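Next, two complexes with subunit A in common: one pairs it with subunit B, the other with subunit C.
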Partner chain A sequence: MPLIRKPASPPETPAPDDRNIAEMLIEGSDDERWTAARRTTLLPEALPLLTTALSKERIARVREAIFTALAKMGSSESAAVIIPYLRSDDAAQRTAALDALRAMPGAAAVHLPGLLKDADADVRLLACEIARVLPADDASRLLEELIERELNPNVCAAAIEVLAETGTAASLKVLGQCATRFPEEPFLAFAIKTARDRIGSR
Partner chain B sequence: MSDYSKKRVLVIDDAALVRTYYRSALEARGFVVEEALNGLEGLEKVLLQAFDLAIVDVNMPQMDGITFLHTLRSKELPISGIPVLVTSTESGMQDMAAARRAGANYYLVKPIKQETLAEYAAIFCGAAR
Partner chain C sequence: MDDTQQITEDEFKRLADFLYRRTGMVFTETKRYYVERRIIERIVATSSRSFAGYFAYLRSETRNEVEHLINAFTVNETYFYREDHQLACLSSDLLKERVTAKRPGDTIRIWSVPCSTGEEPYSIAIWLLENWKDVDAYDIEIVGSDIDTRVLEAAAEGIFGKRALMRLSPELIERYFHGLDDERWQILEDLRQSVRFSRVNLIETKETRPQGRFDVIFCRNVLIYFDDESRRIAAENLYDNLLPGGFICLGHTESMSRISPLFEVCRYSGAIVYRRPQELRA
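Our next item is the complex of A and B:
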């Protein structure tokens, strides 16, 4: 049997250097930008690069890779880059931003008190979803404070949804006051009763 | 009570209390209700089971309601033809327009009364009120 010469190993694709990653992130093809987004976190200037890339990116899967990279960085600063996208008119962008913030609870928590007081009710509502990933005591305290001052029934409902899971006997008073404030909202009455039953049964 | 016992409704909403509220309203009128926690789970369900109506929230983790709608409408019939009632707290014109462009049959702004929900479910299921 003749000896078969083993083919030479193909040359390894050289890893892109830092400058290449930065260029790829902004100017590359969809696949290159996606790859670069995943590698950018290794660079010292990752945050400004990802911030710029996110503001320009129009392809959903690349945008998601950028959100994931920012979540992976897990800093208060990287959370701050994501937060404005909670206000997007595009539901997919809001979802991607929310998912990213929920993946970095420690960093998101720094911004949460401000988000729960945001002038935009839709932002306050999404902030309730971020609170869900905090330790139960922290989430309950923040959401009880929110419910005490909140005038929008949908935001109250979002907070009650989380409190039904995290709340304690201390939450019952706030829930009772909320029911009194919105007597004309049947969904809130239903949500409050269900939450109180669940908390009471624990 | 009208008989909607053969009408199957899929409720897609990440809020457990909302799903329970809708279920209570619809089951009281005889609808059969299935639930999904987000658009992705909703898609899995519509691919496996037949539904007369989907009631879909907009803001949900993993897959939002608008993306769900775009994907649903890109499927083959009869899946692509399932009537979809979008429910959301997003009351801006932009969101309503996005839902309409994505193929929503109607858009209801939360909070929604149980009677209203059941009434629209009956209309879209082709059942007499």
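Our next item is the complex of A and C:
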């Protein structure tokens, strides 16, 4: 029986001193910034620290840890720090921001009505996916309102896809109106039919 | 709604889409009957009046209904040599890569989390003794962790019934267990001493960090139950608990790619696993 019990190996990465976290977060090595980002929420000044760090950080995994820290804080203020990254030219950053907001539905919900009215159609489109993590009634109400006023068929399609999951019979009227507003968009007609079938199947 | 009714094709698709987004589990039309029966069981169990009512209840995350539904779809029973293709991958591929940077006598650390009543960490130990030619050349430390201290006590005791041993040959049972009576077998003392057990909550960094870093982590069929925030935190904790180049094995319905961009996908002939990159990526 050659396997033998080893004594517990000591942790190889001792936790940093809290006094150094702020310094490490901005000026440390990649590993130190990663570790500091994961511990920053312990500090009272976490939000301004993470805000600054996110604006400077270029390493993807450290950015991921900063987004997670902000999601863990779960406040309207920490969600507000993430939102500008929905406008990033970098698709990876937009996705990371979207994933982080989806991980903090209560906090993201506060900003959602504004995001769904954003001047940028890409932001409105991403905001539809944030709506998916809200309670069904809230998501459906917001998306139905969006569909009623939305002029961009791609945004409508994103909203309709979510509505196919969250919607109720009350959503069918809005879907029908949307179909008549965009008769020249066959993909939208298909999306609306799918959503109506799923919502109205019983 | 009673258990003789059926759900429609659109209802099936609506639920399948939701489950994919929430858990990563894929249910195609070919599994419709299997899925349908279990959905109807849950509709009846929750006293829902219709599929729509049940679906709203499911999405509201009330009373852990997502967890109940996942449990209805998955094999919750744990037993020795479960998903042994990953164990084969461990001995044929993963450890081969891990030891390239090690010398004989160095430590190889393997973590089974959650380990439940110990079937997985003991399976790893037995598998390596039986199937890895270099097992004697390295000090192998196997750690089993779980959030539930009751299962950890049972794991340390190492007593199992027939069903837990159903995948083991009589020769293996003879070699690594001793019979307590007609229905129960206990892992031999030496093997029990080869596995260390500890209590860990995967989403508590202060609990995962003291476990140190591992060459290989088996983390099967638990992330599927977590919400988005918990999954992110757990994935980062697991990343911290891996040595650079170390591997993580998930359950066959799970995909780390859906959870976190931190890991690389590694495809081997027997399994898909995930690796902490050796070099940092910008």
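The working rule: the second predicted complex is superposed on the first by the 186 of 202 C-alpha atoms of A that agree within 3 Å, B and C clash if a C-alpha of one lies under 4 Å from a C-alpha of the other, contacts with A are read in each partner's own complex, and residues count from 1 in each chain.
Methods note: contacts are C-beta pairs under 8 Å (C-beta built on N, C-alpha and C of every residue); 3 or more make two chains touch, one makes a residue touch a chain.
All values derive from a computational prediction rather than experimental measurement.
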Touched partner set for A:A79, first subunit B, second subunit C, both or neither: neither
Contacts of A:A164 with subunit B and subunit C, given as first, second, both or neither: both
Which superposed partner A:A107 touches (first subunit B, second subunit C, both, neither): neither
Partner chain(s) touched by A:R61 [first = subunit B, second = subunit C, both, neither]: second
First, second, both or neither for A:D99, with subunit B first and subunit C second: both
Partner chain in contact with A:A22 - subunit B first, subunit C second, else both or neither: neither
Superposition-derived comparison: subunit B or subunit C, residues of subunit A touched: C
First, second, both or neither for A:F187, with subunit B first and subunit C second: first
Which superposed partner A:L125 touches (first subunit B, second subunit C, both, neither): first
Residues of subunit A at both interfaces, subunit B in one complex, subunit C in the other: 92, 99, 102, 164
Residues on subunit B engaged by subunit A in the complex (per definition of touch): 14-18, 20-21, 24, 58-67, 89-90, 92, 94-95, 98, 110-114
Subunit A residues touching subunit C - in the complex, by the definition given at the top: 1-6, 8-13, 15, 30, 38-39, 58-61, 64-65, 68, 71-72, 74, 92, 96, 99-100, 102-104, 132-133, 135-136, 164-166, 168, 197-198, 201-202
For the subunit A and subunit B complex, residues of the former touching the latter: 89-92, 94-95, 98-99, 102, 121-122, 125-126, 129, 153-154, 157-158, 160-161, 164, 185-188, 190-191, 194-195
Residues of subunit C touching subunit A in the complex: 8-11, 13-14, 17-18, 21, 50-52, 56, 59-60, 107, 109, 125, 128-129, 135-136, 139-143, 188, 190-191, 193-196, 198, 205, 209-213, 227-229, 232-233, 236, 239-240, 260-262, 280-282
